[in-house]
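Right after this note come the structures.
Common to both upcoming complexes is chain A, partnered first by chain B, then by chain C.
Our next item is the complex of A and B:
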């Protein structure tokens, strides 16, 4: 890993980000949602709803932002320029993830401050949030590389937002507690992050790690495919 | 002279189509080598194999002494420059910011940006956003990007295709200067004048097969009929064979002051390509 090359990609991305209106509005979405949720009632927001904000931030900011950036690089062939340079695969992924990480951090902190940050001021919860970030980031990179065009990312983004970002909202569909759908979605990353609040077990973090490994493998395969025309 | 590129028995198969058919060639260090052929002849596929963007189906490929399996290393990538149909720029950024990124990725000095912008005649456009540049200007920025780290070997796939004659001449001078400084240049083009002017050696690629490989002068000599074409003041066009018994005929024409123009029959590279392959270079 080379810091100079990573910072060069970060510097380029931050300049590009500041000129891209589509990306600039993304971090505002969770903040506006948090303001709306905060205005619903006087009581403290239930944890599941707080995690709708967290999931919303990771899906609409983290995944969406990196997905758009990677798909644009892929579609406009600028990614090939980075690949043909001496920058390694890790330099490119880390460099490109820094801007997304920075805006996710800003958007998440502001949103959590609005809805009440206290439940999240805990080391285990903090680690859970980092694991969630990595999952959504890798998933976004993989889909961005997999997409043939920038336009196609919108189609892939919807399932990511609704399945992985808004998982706690699935209860609103009226599924029975012991239904298969609920049992499956209980294993989803956001639900495991909620589980971290309720238990001292390391199992939720282990399950989150498995999701990250899966997303990481998907990203690696997509990246290797983007490296050549074979 | 040391071979900087060595290709032995290279084949590339896409499904049922053999794009490159058992090609062999070597390129010397410090030369400008031109790969000529019409669209679809396999030029771009060859460049992509030599730069690691594609892998050959069979055969041995070595560039800068490095085997093709190791083309994805930083060491290899830092020694070559590429301008191909896969080259692109960040449209929302300025010319300077685009070049600055690649300067840093290749660990080149930022002072190099102004030097290279002068070489491609864009010194007054460094602050312009790429999206606002013309096609020819973008092509020159791409060329600057390929050369910014002073590579040992440069692959240029149709580098002057979008340029006007003045900028083409400017780029040719720049490439010649770069070559004089020791950079090996691998050029693909279907511009015959460009190949004749720039290349030390050229190869003809047709349907994935290498048909000829030699210097432009040697090829022109090889395919010449060696006859003299004489135009007289009477308007006659005479073709006189280069034979001892014809010497007096030429001598008499000159002695009688009849010769308006006289030149040898040297075909152009385009005419040679047509003769060798039966196909125009378009």
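Our next item is the complex of A and C:
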């Protein structure tokens, strides 16, 4: 870890982000969704729908941002000559994660303020959101490491958005209440975050932690692979 | 000890001849070869993880400004020279705020130079550094080479243009199928040019220079010739892009052509002074002549000859 390098990549990526239309529209998507949900007119948005926005923010902003940034560096080979060791790749990942974190924070806070932030001002909910952020961030880094082009990331992003981002919406497919599909999707990170929000049990946090470890392993494998490739 | 050696023997490669080349940190080494051989050499060099090859293949950040790009590399490599000084050294101050996609090729090249310079790795290998860029950029590159040399970094430059090799390298080599041969950049080769006698031709015989192409004998009027260069001891007449082999050596030709306003401007070049359009002065006292022909070719001018040529052209 080298603070100077991390801050170099952070500054560079913030400047690049401001000039990149493709990335600039991403944080707007959840905000627009929030405005639409808010405009439906009901007094209070159901929790599941609030979490659709949370999941949407994490998948379309967090995962997508870091994935796009890493894939672009891969595609344009801009990192050639900069990476001499695994440590310098780590510096790059940390720098980019900081940028992603900042953008996610802005987008999430604005969207939540639009739909009413009060239910989220709670320590347990905070922890749940941070765990979710880590999960989506690791997933994004992993995919970003192995995808060689920007076009490929759009394809990889789809399952992330629909499976992990919009999990609460999957019920709309009309599966039976006790079907296998529902039982599995109930285990997904967003559903566990809703559990954390709703109940006082610590079990959902454990399950969420398992998801994060899984995503971490996936990222680690991709990291090793990208280091040995060159 | 910052010198390094490229040893070809342990690489079983049919396309490259066997050679061993030691690159010293005290002077810049340039290797001239044709593009095929150069591609092979590049492949070998890239395979060696201890050598950084600067071939401009990697991308820069095209959305952000020149200054932001340089600032990023400056910080990343932890360069000790202040950022404004780097921008001035590589003449990027005037386009500092422009995004990269609006920059000219020469400006982009200077950003690459700045990046490579700041990376501070040893040894450095450059691939065609000044191919197709303007005079200003060539000058910044020469200044940069000087600075790199000051910190005892061995530098190897691969070019496919003999003129570039002679301009940039303190030692120039020619890589051919037969092996690696040093090109002599002899400053004090006055001996050969002093040898000519005083018996200038007085008869008005028609004088032609002959060259052989296949079985034909082609005759040239001396004023048509742009310049004559020496390749492997043989003199070659160059007219625009074409070159024709002569049977004579450079010294013999020089004798004959002297009266027609030809001048031995370099150990391996004789130039037609009537076709000289420009004398280019690079930093560190090196010079080139630009020829007024279709492709505006440039040929090297020995630094010992600069006085002489100025007299010849009545510039002094």
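Going forward, the second predicted complex is superposed on the first by the 218 of 230 C-alpha atoms of A that agree within 3 Å, B and C clash if a C-alpha of one lies under 4 Å from a C-alpha of the other, contacts with A are read in each partner's own complex, and residues count from 1 in each chain.
Just so it is clear, a contact is a pair of C-beta atoms (placed from the backbone, for glycine too) under 8 Å apart; a residue touches a chain by one contact, two chains touch by 3 or more.
As the structure is a computational prediction, the values presented were derived from the model and not from experiment.
Contact with neither chain B nor chain C is seen for A:115 once the two complexes are overlaid on the shared chain. Touch criterion met: A:8 reaches chain B and chain C at once. Shared-chain residue A:78: touches chain B and chain C both. In the superposition on chain A, A:99 makes contact with neither chain B nor chain C. A simple residue count on chain A separates chain B from chain C, and the partner touching more is B.
Using the contact criterion defined above for the overlaid structures, shared-chain residue A:208 touches neither chain B nor chain C, since it reaches no partner. Of the two partner chains placed around the shared chain by superposition, chain B and chain C are both touched by A:16.
Under the contact criterion defined above, the residues of chain A that touch both chain B in one complex and chain C in the other are 4-5, 7-9, 11-12, 15-16, 19-20, 76-78, 80-82. For chain C in complex with chain A, the touching residues are 52, 54, 57-65, 68, 71-72, 75-76, 78, 99, 115, 119. If you check the complex, the residues on chain A that touch chain B are 4-5, 7-9, 11-12, 15-16, 19-20, 76-78, 80-82, 84-88, 227-230.
Residues 4-5, 7-9, 11-12, 15-16, 19-20, 76-82 of chain A are the ones touching chain C in the complex. Chain B meets chain A in the complex at residues 48, 51-55, 72, 74-75, 77-78, 82, 86-93, 97, 100-102, 104-107, 145.
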